[in-house]
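Structures follow.
Both complexes below contain subunit A, partnered by subunit B and then by subunit C.
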Partner chain A sequence: MKQNTESKKALPKRKQYTIIALAAFIVFAFLANMFFDAFTLRVFNLCAIYIVLALSLNLLNGFTGLFSLGHAGFMAVGAYVSALLTMSTQLKDMNYFLEPIVPWLHHVTLPFLPAIIIAGLVSGFVGFLIGSPVLRLRDDYLAIATLGFGEIIRVLITNAQSITNGAQGLKGLPRYSTTFAVWVTAGLVVLFMVLLMRSSYGRALKAVRDDELAAEAMGINVFKVKVTSFTMSSFLAGIGGALLGHMITTIDPKMFTFMLTFNILLIVVLGGIGSISGSVISAIVVTILMEVLRFLDEPMNFIIFKTDGLPGLRMVVFSLLLMIIIIYRQRGLMGSKEFSWDMLTGLFVKRGHKGGDHV
Partner chain B sequence: MSETSSNLMLSTSRLSMKFGGLTAVNDFNLEIGKNEIVGLIGPNGAGKTTAFNVITGMYNPSEGKVFFQNRDITGLKPHSITALGIARTFQNIRLFKEMSVLENVLVACHMSIKSGMFASTLHLPGYRAREADARRFSMELLEKVGLSHLAYEKGTSLPYGQQRRLEIVRALATKPKMLLLDEPAAGMNPQESLELMKFIRKIRDEFDLTIFLIEHHMQVVMGVCEHMYVLDYGVTIAHGDPASIQKNPKVIEAYLGVD
Partner chain C sequence: MTLSLLFQHIVNALSLGSLYALIAIGYTMVYGILRLINFAHGDVFMLGAYVAFYGMTIVALPWWAALLVSIVFTALFGIGLERAAYRPLRDSPRISIMISAIGASFLLESLGVLIFGGRPKGVPVPDVLSRVIHFGSVSMIMISLIIPLFTFALLGVLVWIVNKTKTGMAMRAVSTDIEAARLMAVNVNKIVSFTFGIGSLLAALGGILWSFKYPQLNPLMGMMPGLKCFIAAVIGGIGSIGGAVLGGFLMGFIEIMTVAFLPTLSGYRDAFAFILLIVVLLVKPTGLLGKRQAEKV
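On to the complex of A and B.
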């Protein structure tokens, strides 16, 4: 929402900046795709997937004010559906050695695009089914119930041997999550979120977050808005999960525990609950740190003493980071504000007027 | 109480609301005619807000019915009742805290924008037109009540009196036929209350409204209401014109107690 006339004049310039930044990023992505080694490229692409996942959770936690902890479950649904739809018959035969796969899935092999869309839709549908009863709850109760449903999905996947291959998981998924695929998806999701939040529907979501009772009194069908948001979030989580599956190429139920939800929640909270740009920045920073800090988990030699490697030390750093952010910036990196060029110029030139493209 | 049924806006019959053993509203019968300003007064805890909550669908009544323009609206969801044309404000101001003044009003236009999630996200032409209309309409409303210069300020950063006004504007943006105001003068000094009452009469005339308002202090509403109901412990102890209410011994007793 651009305000007074002064900023209206400045608008084309801001648009220019945005276009330049976008072009620079696309060039960077192309170069990365050509010159990065496999590991770095993977981290780079993982950033995009985490952007999708963080935004899907932020849609729910940040913009609709529904504290949900069942995200890993929806990602699992997306990852499994997409995997089962894209794997070849031959590959399925190799994977299902304990119990044969159900016949109706045996010969299905779809290209990536329809598969990932169906994955999102199925995940969204599961979200709708779970959301309808669960969204009658509020606050902590909602968090507990969604956490429970997330685990239920995981347990169901573990036990549906003839469909999901149970605890063995699925191996050799086609490597479809290319730089192009993940970043285009991330771009589309960012665009979707920005447009949604600038629309009347976005305002309705935020109204429900700010004051449910008042929103209802303003003629907003709060329950419907909540279910829609939950379904949409599950859809995006399913897409993110599918991308993740096709990147790692191996999925099993243990991947989708609460820890995964926690990682995404960490990104959302660090970035700012209710900030799209916050989620994007935080997703990139956290994904890179997760990889860069990997050395902490390994044995270390401090000359005076040696450690045998402490798996999980990495997460301690994140916990500390989270605490520091919560102490000094309660509302996360961006709060509920969005990035704007004014904000950047404001960093260099102290200006009296308020920046912030607050939608 | 001489309204013909065609002129009747809001009525309740034998409305009761019980919370466990507590009867917050008991056998409440109300009749409000078109364009009237009716007051609901009573001491603290008399059940005034509960009566409002039942009328606006926040609670389902234990017994009795609510009629709006001769249509039974008992048990409807609050948003459906708003859609039918009853808007309300809250005793403790409930503005959307992360939103600007304009956005607060725009939320109330969501209903009239009538675009689904996808149409509005994709900013389809139909949606764009309705959004532009809503913005124009909201700005006009803010203009009318003298808040337009604050349109881009955060709603909750306004002074108290203006927040109350904003709540009323927000309710008006739902294009209501009837407005329910829950203690609009709470926390105001006598001078401010007086101005508010003038303002209420003004919007009644300008927007062709029927107004039902709760007030705690009797004096505040004496001047503005044409008709009053007095609740005490959930029971209607009196109703009539302000002059007769003022003299009613039961009302005096409820407010001042007896020796």
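On to the complex of A and C.
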């Protein structure tokens, strides 16, 4: 067909576009790292962390069709493991004033890379332990059970005073989440997801999502696929949580409530459940919006009247946004499609030039 | 532990269990009909408590009038919520409607923070209800006694509605099979609205009684009770009113008694409910009373 020959010719050109866009982004990231002020750079880096988190939730919700609401719990595991492994002995002594830290953790101080990998592995292992029983449940029961486990993890962290320092949380985590670290991680996770979804394993995930019975009939071990997907997702959530911890440098159990899962869910739904590029774009958009819309909570000065700060307005906007998307545009930004250059050229042809591209 | 202390705990557990039961009924009825976990139910509970609070403080209504106004308002609110957030998605995948419910829950909570303010508010408990009464060596507050009585009276009415009236029959029909019920000339939308109305009314009542027993309000107060009551409904067998009541009482007893007898574990109090849930789901996913022939509302 005509289209076919055309696409064969155009393919290298599209690859060129991708390479150019990637290079442009890397240059941009370098410039950002040098010239952005601390706050803007932080938002920029937060985008990368939310990309990791959104992809990890999308792997479950979008690609495997398992609705999980316990993500904050796995992030907490990752954040705490990495924090405990990287903090120096003096720092631990300063933090644990109510009850001393258990001796086997007291003198452990690892560099960032092994710490974050161990954090991901521990979180993945917890996911495996939880997943094996819970994944026998379906749909909304699964959602409630994972939500329950998320809460249980939080309660355990709050009460394990001599390991996690309980409700006081940990302060002064090393600031390891540099622009380089977070964006390289985000890039690796995106690459991992793309490769995964192209592999036969990714197709098995989608088969399980679309029709469990048919998938089973095709020789897919449904339960094993589900547990693996859950474990991988927890692994990524742990990595994301660890990055978040090392960016904020203070963690406590209250940070990892359902609210955090809600934010990530919003990103996934907005981007399109089951779209990698959708999650990436929407993670960037939502993260920036969350910071930009902070003014909503603050006192506002209109010409006619003044308000004295409306804490909560920002969350009202976000929950309304989620509901409007799910009611009027369930597919989200991208549906289950992926970004392609053709899509962009389509936009150009239809609406003329619109700046900005994404990697 | 003396006998009177044990008695005290039992009374406490009974009243907490009754409150849980009132809220759990709303979950179980909605789930029975729409197969939807109404995440916003706990926030409807919060709304009921706040409306009554403002009725008593700003409008200066007597407490029973504030209570009536609040339950009517909240019931209408519940009906409106279903119209706006759930009805457009009724034929969508279940995940979509659940996301909408989560959104609704967050919307109500943040609206609560916005409108009612994030700071906790003290509830003026009416004197009649806060009087201390003595039975031999056991002393208790009036409200702890009234809550279970209220609950059982309402439960009687509800069981009568479901089993004896035409509306109740329609409710059972819709919960068994929506399509078939529609073919039998049941107005499904009306029945769903009615169910949401009743569920929200009970939640509001639960919220008000809760605020009389634990006299402090905050916009997130519905979150934990909401989750626990959903769990109570699952434990009892979701879709069954009797199961919800049983689950509610079980939850109340477990919570009060573990804190009373094993005070070292009280920090884990909120985790118990979830552990119980997971055990029940794995061992007997239909819940205690949720057999196939169970009365489904």
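Quick note on the criterion: the second predicted complex is superposed on the first by the 339 of 359 C-alpha atoms of A that agree within 3 Å, B and C clash if a C-alpha of one lies under 4 Å from a C-alpha of the other, contacts with A are read in each partner's own complex, and residues count from 1 in each chain.
Basically, a residue touches a chain if its C-beta (ideal position, glycine included) is under 8 Å from a C-beta of that chain, and two chains touch if they have at least 3 such contacts.
Here the structure is a predicted model, which is why all the values come from computation and not from measurement.
Once the two complexes are overlaid on the shared chain, A:213 sits against subunit B while remaining clear of subunit C.
Once chain A of one complex is fitted onto chain A of the other, the partner contacts of A:200 are limited to subunit B, with no touch recorded for subunit C.
Judged by the touch definition given at the top, the superposed model places A:102 against neither subunit B nor subunit C. Once the two complexes are overlaid on the shared chain, A:292 sits clear of subunit B and of subunit C alike. Once the two complexes are overlaid on the shared chain, A:21 sits clear of subunit B and of subunit C alike. In the superposed model, A:184 makes contact with neither subunit B nor subunit C.
Of the two partners subunit B and subunit C, more subunit A residues are in touch with C. When the two structures are aligned on the shared chain, A:148 is found in touch with subunit C, with no touch to subunit B.
Once chain A of one complex is fitted onto chain A of the other, the partner contacts of A:113 are absent, as it touches neither subunit B nor subunit C.
Those residues of subunit C that touch subunit A in the complex are listed here as 35-37, 85, 88-89, 92, 94-96, 98-100, 102-104, 106-107, 109-114, 118, 219, 223, 227, 230-231, 234, 267-268, 270-271, 273-275, 277-278, 281-282, 285.
Residues 56, 58, 77-79, 82-83, 87-88, 90, 94-100, 103, 106-111, 113, 115-117, 120-123, 127, 131, 134, 152, 170-171, 173-174 of subunit B are the ones touching subunit A in the complex. On the subunit A side of its complex with subunit B, the touching residues are 1, 3-4, 192, 195-196, 199-204, 206-207, 209-211, 213-222, 228, 232, 274, 336, 358.
Residues of subunit A that touch subunit C in their complex: 61, 67, 69, 133-134, 136-137, 139-141, 143-145, 147-149, 151-152, 155-156, 158-159, 258-259, 262, 265, 269, 273, 310-316, 318-320, 322-323, 326-327, 330.
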